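Got some structures for you, see below.
Across the two complexes that follow, chain A remains constant while its partner is chain B and subsequently chain C.
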Partner chain A sequence: MTAATVTPYRSTHPAGPDRFAQLLRAEWDKFRTVRGWVIGMVVAGLLMLALGLLAVQNSSQCGPANSNSPNPPTLSGAACLPTFPIGPGGQAVTDSFYFVRQPLTGNGSITARVTSFTGVEAQGVPGSNTPGLQQWSKAGIIIKASTKQGSAYAAMTVTGSHGVRMQYDFTQDIAGLSGSVSAAHPRWLRLTRSGDTITGYDSADGTHWTQVGTADLAGLPSTAQAGLFATSPQYGVLTTSFGGGTGNFGPTLATGVFDHVSVSGGKHSGSWTGGTIGSPAGFGPNGQSGEGFQQADRRFTVTGSGDIAPVVTGPGSAEGGTGAIQDHLIGTFAGLIAVIVVATMFITAEYRRGLIRTTLAASPRRGRMLAAKAVVIGLVTFVIGLVAAAIAVLVGDHLSHDQGLYILPVSGLTAVRVVVGTAALLAVGAVLALAVGTILRRSAASVTAVIVGVVFLYILAVVPGVLPSGAGGWLLRLTPAAGFAIQQSSPAYSQVASAYLPPDYYPLAPWAGFAVLCGYAALAMGLAVFLLRRRDA
Partner chain B sequence: MISSLPGMEATIEVSGLRKRFGPTLALDGMTFTVSPGRVTGFVGPNGAGKSTTMRVILGLDAADEGSALIGGQRYQTLLHPLSHVGSLLDAGALQPSRKARNHLLWLAHSQGLSARRVDEIIELAGLQSVARRKAGGFSLGMRQRLGIAAAMLGDPPVLMFDEPFNGMDPEGIVWMKGYLRSLAAQGRAVLVSSHLMGELQDTADQLVVVGRGRVIADRSVAELIAAASGDRVMVRTTARTEAMTVLTHAGATVAATGPDTLTVSGLTAQRVVTLLSDGAVPFSEVSAHRATLEEAYMELTRDAVEFRAAAGSAEAAR
Partner chain C sequence: MSHVPAATRAGTRETPHPGPVGPLGAWPGWWAGLRDALHAEWTKLRTVSGPAWLLVGVVTLTVAVSAVAVAATKCNPSVGCLADTTKLSLTGIYLGQAVVAILAVLAVSNEYSTGMIRVTLAAMPRRSAVLAAKGVLVGALALVAGTVAVAGSLLAGRLILPGNGFTPANGFAALSLAHAPTLRAACGSVLYLALIALFSLGIAAAVRESAVAIGLSLGVLYLPPILIAVTVSNPVWLHRLERYTPMNAGLAIQDTTRLHSLAITPWGGLGVMALWAAGALLLGGLLLRFRDA
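So, the complex of A and B:
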């Protein structure tokens, strides 16, 4: 027998077209046929859910509203649910202030000069009130759709330490003249209504006016309330320590003195009515409000307490018993740990057993193989993450309500971004783990590297008092932990003083933080493909 | 006509492979060809470069120089490589918690092959009873079978097995030898590596003997044995001294290899018979010495082994 007489054998299974889908299917087969990995992914979802829902606890109790009995029964749970007015933008807002007003029908304007702005803090001990304004204490002029809390408005106001501002509809804030108010340096303020548009002006002398901004208050009724207001948010001193923070909070008052008050144009009554919007703040040792106004000659002295601003969460915020939807996703880091372990094993197990040679012999185009692995592990993680996050947010909202915890409402789009973003965060974390596993080829080293690089840094940055807040902030800007920013559901408002700490607030915008994580994952994948192609298997 | 189509020819062509791992030259100009219809034995001591060569052929390791082609094509350019080359390098390369059938299933799907093909191959390999068991619990012999099933999934014209007899019981070895022969009989090119020549003696048609990263001999089994046998002649005689005198006188080199046997080099058997008869030296047997394949192999690879032993002791001395 010689080679020349042999008919070479030909495969009865000729190669069909080469499709990426075949690689995807093979990698999916690999994933689903190792029970430990499937269980690991389910555990990831359950960990997320369990931690998120266990975190819904509100131990605070409250007395019944409007009870006059000397020993009111103590309430807890849903009965304690605080209620917030909802602003025109759909967000929960604080809308409490003292309002000296008159109806204004049709187009017109209101002008006033502020000659003095002072404040006082209640220290809780009778007679120990200290003078001082909060940085966002406000006094000025306002045009508001109605006296109903949460209704649309536009205001020109002096502030404790941010100069003159034009603010409208709770979330909008435009800077005007800077500096503080005194008799020597009065501030002239003017609001002009034209249809639904209100324009704000300020002036130092009443002659030279500068336009600060315009507010489009869609649907402003023809008769709006125009007048003077004063309000002052509670003070807060927040001390963070390891694992938590303690706050010292109390109500404050602000008093503005106005003259040259005039309402012109349109139809107005000419007589002023004073009253608090929202409930009185209970300032002072005996619970008297201290709010009110006096009119002497053409001078108005208006004293108010409260705030006209969006509600924010977290330590240092004015409102206790509030949370945000991302509070239900606090277990994401735990789920991510399980995801990292499974995603790393997805490649390192092949190296450990030498199975990588079988894989690469079957798929010699190595980059495509790794891409297929990344798609499979990413998609699996995404689906698990999406289900877990959606259940956590929905059930968490319900539980919070029953516990008397107020969850700040967010737009549907924001809720979708937070839930889908959480799933995407987990999926990108999985791809990062896969890439690092490919680079290092060892399970223990890779799992440790990724857990430290993502989860541990996140915990360092998020648990209060572990790191100085500045350092934590940089971790959340520069490291893969930045990706958690995708979970922030409401923005930090510069016009509301609060600590704005993670995990409710992040130094980077949601998508920017997520992009940082994606950058790391892309970098790691690039290096992984490079090494995978270069190295002997 | 068909054989001129690229990828259709069932051959492996290895030429001039050179590869260095740090200070070690693993491959040093490795060159040989595996032809269809024959079992080609790939033998050499451990560390001679057999496994490295096979990994280079499969595109797993990159050679510094030289080329390895499957039917004229580089492995990396094959679309569904398992339909061109089936290989079993390491039977232990399995995810222990994955069931045998699922191992074959992902491999099949990666090549666009169906689950039906998987069940077909499971039956061919006689794995039905264990197909739904976790591969981690398999004996080495079962793993070898599973590995062979994986290699046969794409029904490839070229097959490569690295030390397939390792860990097999005698019954399995007999089965394996028959199986390799049957694959070659179907026209496939079969490359089988072993560090034990005996395993290949009655299996291989062609032997590629390697040492120190290069081919020492590339011959048919018959040629190799003939060469190793040389021109030695075995003589059985009761008159050892007389026989030695006569034969040495005629220019031969004679060695006493037993109480009544001599091994003679430098003379043909016929000449020995003539000389002994002429000298009236009694003898009961004169025969040409036939070397075993093992002997031939030992002789061929002595240098390589010695080199390694020397290198090893130098290493140990440091």
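So, the complex of A and C:
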């Protein structure tokens, strides 16, 4: 063959630009012109809204507070809304304890020795109280801005089973000496105020002191309340079975015995006043609280009930009738399934119809083509998810209020992270589905694989009675289902005993869980690009 | 063709197989058509490799998940073991049903994606018979695979559980089909898988697109348990969801302990699942009948 006679055909049209923008445009046109896909995305958003609003249906009824009539009228809806004090950090808190106090003006310190710490649980039947401390029962010394619930404080306290702790402003908790308290092993506690800074010390013998931590209580008034306190959270026994759990809860009392109590420095009155912060617990058979204190010289016996801690949600938490903003986002699962279906078809439909050959002929750089698809489907999903999540949270908050369901307040930044994170979770789920669709090239298998990988594993992890909770926790660390961690709105506090179950609490931190999902999506995209280049279409 | 009298159609053209007609003699052609359709559908299923692999998948995934769930559960006698060992050993059905759903969905949607459906309906114009034949076949395949999968799962439970503390000394006899509730749970789980196949088949006939059909099937199955477990605080809604959603009601058949605390009786729950399957098949059948392919 002679080279001169072969003249390859060349189109006389100038070649169009071949940039990523053109690919994006092409993929966007494909998406928006398939009616079923657009409808599917809208359905995803509507499902998120509908299920989120179904979840706030709350039928709880309550009697009016402080009613003495034999047949109090039952109330429902917003009248049942519980109220919580708000702590210095903006979170809802429980702040009820027995406080033996005196005003302390200016810098100064308070010291006390704890020689005994005991507790009782109310068992519902009068006279059947059993002895026992809760693990986070507390007795110790405290400097608090005022007697108002939710005001700033710093405390050194012995606990039921976590040794000496320094706690301040409800969320902070620093470990001190370990071990439990007895007459043979007393615990010395000291708090020293210097300006807005309070330093906590502990000691086993009253001579060798160890600094436990410092608390910076900005805006602490010059006259604060200093004194002794005791408190004990309610006990809870939670039994879970398939599809639900039942709890058995009751109030408890804790009693601390103090001696060598002294207040020094500053200006203090020297006389002690006792009182309950918050409403007294109905403990005894006639509803008497059982809280109080006795003083003999510098020896005090203080008995209290309640807790000084942030409010947490879920079974086993101290308060019923509470929710968190992510409760409105439970529809994410339904929306995700719809998104997975559309995102998978975005690529498998090309294989089914043979369009993939045209697509690859027009855009031979296959990796770029898949990247353009991922950007288009990811962005579309993100926008739909963002709108649906924002509406669900806003409307859900409003409805919950009307239904008497208290939604724990969160900072604006956290709310934005939960809403934007939900949208990002859906978008990454869409990219994962697109990648798996490219790998498997078949709709049914791809959709099933992704739904099983995300939603089914989540079920295994969270539905009680399917897997033991330890194994379920690992599923939420290692599988794509970990991504739902982005929806947590409050951290799990080690100093509050609760069940800490999904969807409010996950074993991984929000962004860590999301990163696990992103890792799976990146892995699947890498494999998809590799196979797309290597295989004939 | 409507000018041909009905008697002629039934008598001469569409009943080439002579034989007893039975009590449903008014529809002799339908039954003969079903026999032909069964033959045709069986040929389609056995001559592609997909269904065989899916059946293998049903068995292996079911047994694997069951074995993992059993191995991960330990009995600590000091705190008391509340586990329902039979139900625990059948955990794999949770995943196996997804593969059964794929099998059933593909039996319909593959025909639409390849255009084969036009040939099928041209050859067998009785569309209800086509759907019935598909239902009989995927149901039977689900029964076969389900029997093997359930037997394997129970065997895994029988072998692994005693090593995890579920011994007769702690009040757990070895799993055995001679135990009536266990036998009921085993047979019921197999039937459940067959009903899942029929349910998914009906949905696939209604929506035709495999991705949408499988998404719908798995959504209807998997979403209610999440709603029940994590959000719904209203006891009325909780009770409704537990009683009337297919997976929660249908899998009540696996419970062998604390039956009084179930929202629905085991066989009643399987009945609810059967209603879901019947409803899906009816919807799929009607749409198939009245829509152009």
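Basically, the second predicted complex is superposed on the first by the 522 of 537 C-alpha atoms of A that agree within 3 Å, B and C clash if a C-alpha of one lies under 4 Å from a C-alpha of the other, contacts with A are read in each partner's own complex, and residues count from 1 in each chain.
Following the convention adopted for this analysis, a residue touches a chain if its C-beta (ideal position, glycine included) is under 8 Å from a C-beta of that chain, and two chains touch if they have at least 3 such contacts.
Keep in mind that this is a model prediction, so the values were computed, not measured.
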Of the partners chain B and chain C, which touch A:178 in the superposed model: first, second, both, neither? neither
Once the shared chain is lined up, is A:327 touching chain B (first), chain C (second), both, or neither of them? second
First (chain B), second (chain C), both or neither touched by A:83: neither
Contacts for A:447 in the overlay, against chain B (first) and chain C (second): which applies, first, second, both or neither? second
For A:207 in the superposed arrangement: first (chain B), second (chain C), both or neither? neither
One more residue to check, A:467. First (chain B), second (chain C), both or neither? second
In the overlay, answer first, second, both or neither for which of chain B and chain C A:35 touches. first
Under the stated touch criterion, name the partner, chain B or chain C, that contacts more residues in chain A. C
Quick one: is A:271 in contact with chain B, with chain C, with both, or with neither? Answer first, second, both or neither. neither
So the chain A residues that chain B and chain C both touch are 36
Of all residues in chain A, which touch chain B in the complex? 1, 3, 5-19, 22-23, 25-27, 29-30, 33-36, 349-350, 353-355, 357-358, 360-365, 536-537
List the residues on chain B that touch chain A in their complex, please. 2-3, 8-11, 35-38, 55, 58-62, 75-76, 78-85, 87, 89-90, 92-99, 102-103, 105-107, 109-113, 117, 150, 154-157, 186-189, 205
Which residues of chain A touch chain C in the complex? 36, 40, 51, 54-55, 57-60, 239, 241-244, 323, 327, 330, 333-334, 337-338, 340-341, 344-345, 348, 352, 405, 442-448, 451-452, 455-456, 458-460, 462-468, 470-471, 501-503
Chain A touches which residues of chain C in the complex? 69, 72-74, 82, 84, 87, 91, 94-95, 98-99, 101-102, 105-106, 109, 113, 209-215, 218-219, 222-223, 225-238, 242, 248, 255, 258, 261, 263
